[in-house]
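Take a look at the structures below.
In what follows, chain A forms one complex with chain B and a second complex with chain C.
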Partner chain A sequence: MSESGRYLYAVTRGLEPQQLAGTPGLDGGHLDVVEHLDLCAVVSDVALDEYGEEGLRRNLEHLDWLERVARTHDSVVHAVASVGPTAPLRLATVYLDDEGVRRGLAERCAELDRVLGQVAGRLEWSVKVLAPATPVVSTAERGMSGAEYLRRKKASAEDKEINDALLMDLADKVYEALADGTVASRRLQPQDQRLTGLAGTMLLNAAYLVQDDDGPAFQSHVKSLQAEHHEVSIECQGPWPPYSFAVLEQ
Partner chain B sequence: MAEPTNTPVSRPYSAAVGESSRPQPANLADILERVLDKGIIIAGDIRVNLLDIELLTIKIRLLIVSVDKAQEMGIDWWRNDPMLTTSERGLAEENRELRERIKTLEAGDSPTAASGGTGKGSS
Partner chain C sequence: MEQTVTQPQADRPSQIALVDLLDRLLGTGVVLAGDIVISLSGVDLVQIRLQALISTIRSDMVEPR
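And then the complex of A and B:
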């Protein structure tokens, strides 16, 4: 058994350790709460040969390892967010001991407090707008002249361009329409098709910070926009802990 | 030190989750996007070079199935490929290229025109 360190998942306020009973940390580790003033850091023990500098550098390159850690990290953050205002930490924030964790909290104390105030009582919703997969239309036909082929090809390229522009406009409109009534919104980088495994192009990948109570209304708003616009698919996922809105100024 | 702000005790999911039709397990792309790119950064005792993480995410965005393969392909290629940097820019770019190619072909006598337009002209 190698030396252990303390892995930090999230910062919150007013958390009793027993509120997280039943949620396992990384590698089944027990979740503990380290406090500094009214800030509570949720931590668990991790082996430093796996989560030390060497170990992380090596392990982060392995997708299986990364997936396991990412999913556990996320599930702990979800559990914390289900009981109080939550500032999720970026993956792989590791201290040598509780003293280090307290020092980390103390250094960013005021900012963490501000962030928690911003996200308290609010959750993140994700909205993606996807264009339908473009069918591969064969413009070439047997016996077609070269000129005719080119004419059709040009027409289809023009149609596509017009269509793409319309879809982008629509994505912008959806983004703005949904922002109405939310606390904050952000556009994230559209995800690559190969990563999502989805057939269509992602036109919009947005995150919204929404009051807890407004979640259902937000979801119906998405549904009504989908009903109006069949040319795209609008997906709403959530609620997430406020990952995209808990941001410290660097 | 900031005063502890007087925020209401929030019980985030109780209301929202009941309405949600889909039980969570989110897809890996969504989780990685959040835990690697978002969230608070506090310097831990263990210093992980953030650049390493950035490279890692780029590799993941490239090809989730094979990180090694992505590495073989080279990182710069990804960085400079508008198609992958953002989808919309990629589309616009592709369209522009197509239009230019068609113009060239229509202008007539490009020797590649005869091949039926399936060639990968890069002019």
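And then the complex of A and C:
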């Protein structure tokens, strides 16, 4: 039989294990709470041949495995976040035993405390700004001379450059405008078009930390910006647990 | 410009898209030094997710070898 380790999902405060009854951990594992002072780590057993160093290296390359682990991790984080302030851990944080988990908590105790204070009563919203798909330049207009075609093509490339710069500028303005009235904001790397499957180029991939009660106001702010700016598409999603804002200083 | 990107707007079910979830679970979140040490530095992660996701998308588009 394979040895087991402890997979750490999230850190919170004041959690009773029975509050997570009904939420399964990875591979159906039972969720336990490991405490250090007032910090509570939510963990479950995982097999080390799958989640040990070698296993992780191998498994992280497989999208099915990655998706299954990411979805389960996310569902546990949601369950924890529905009960109290939650600092989600990065995927695949594994300790050999509860003693290791406690040591991990103790090492970053003050920082974890600060992060939990920062995210308590707040949720994350995602906002993406997308440029429209590039219009196809007609290459075969009837009766156009070669010189005329080249001239138009050059003009069209120049237009596109100017247009791209304007759209980037607009995305920056949207980012700034939405930050107003939120607790914190950050820009994530815009996502590759091949991954999103969306038609347009992503100009902005932003995350905002918003007070629980301010969610509807934030959404209507997005809607009003979209109404002002038809030249881009502004997509708002959430609320999610505060993944992007539970960050320890290194 | 009249053209807009056609795509679903908010009010969709709140299930987070995998690409958004991986952005967060691999790129942000609390990093504690676990007992199992695996090099998941920023660059590695980007490569892992791009490789994993793009290879899946590609395999949907082309005939399997």
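Definition applied: the second predicted complex is superposed on the first by the 244 of 250 C-alpha atoms of A that agree within 3 Å, B and C clash if a C-alpha of one lies under 4 Å from a C-alpha of the other, contacts with A are read in each partner's own complex, and residues count from 1 in each chain.
The rule we apply is simple: a residue touches a chain if its C-beta (ideal position, glycine included) is under 8 Å from a C-beta of that chain, and two chains touch if they have at least 3 such contacts.
As the structure is a computational prediction, the values presented were derived from the model and not from experiment.
Partners chain B and chain C, brought together by superposition on chain A, clash.
Touch criterion met: A:A246 reaches chain B and chain C at once. By the document's definition of touching, of the two partners only chain C reaches A:A133; chain B does not. By the document's definition of touching, neither partner reaches A:H30: not chain B, not chain C. Chain A is touched at more residues by one of its partners, and among chain B and chain C that partner is B.
By the document's definition of touching, of the two partners only chain C reaches A:E231; chain B does not.
By the touch criterion defined above, A:A110 reaches chain B but does not reach chain C. Contacts of A:R57 after superposition: both chain B and chain C are touched.
With both structures placed on the common chain, the touch criterion links A:E161 to chain B but leaves chain C unconnected. When the shared chain is aligned, chain B comes close enough to touch A:D213, but chain C does not.
Judged by the touch definition given at the top, the superposed model places A:L91 against both chain B and chain C. According to the touch criterion, the shared surface of chain A, contacted by chain B in one complex and chain C in the other, consists of residues 5, 8, 11, 48, 51-53, 56-57, 60-63, 66-67, 70-71, 73-74, 87-96, 100, 104, 107-108, 112, 115, 126, 188-189, 191-192, 194-197, 219, 237-240, 243-244, 246-248. Partner chain A is touched in their complex by these residues of chain C: 1-7, 9-10, 12, 14, 16-38, 40, 46, 48-57. Per the touch definition, chain A reaches chain B in the complex via residues 5, 8, 11, 13-14, 37-38, 48, 51-53, 56-57, 60-63, 66-67, 70-71, 73-74, 78, 81-96, 100, 104, 107-110, 112-117, 120-123, 126, 140, 146, 149-150, 153-154, 157-158, 160-161, 164, 168, 188-197, 201-203, 212-213, 215-216, 219, 237-240, 243-244, 246-248, 250. Contacts from chain A toward chain C in the complex involve residues 5, 8, 11, 48, 51-53, 56-57, 60-63, 66-67, 70-71, 73-74, 87-96, 100, 104-105, 107-108, 112, 115, 126, 130-133, 135, 163, 188-189, 191-192, 194-200, 205, 207, 219, 222, 230-233, 235-240, 243-248. Within the complex formed with chain A, the chain B residues making contact are 1-2, 4-5, 7-17, 19-20, 22, 24, 26-49, 52-53, 56, 60-64, 67, 84, 86-88, 91-92, 95, 98-99, 102, 105-106, 113-114, 116-117.
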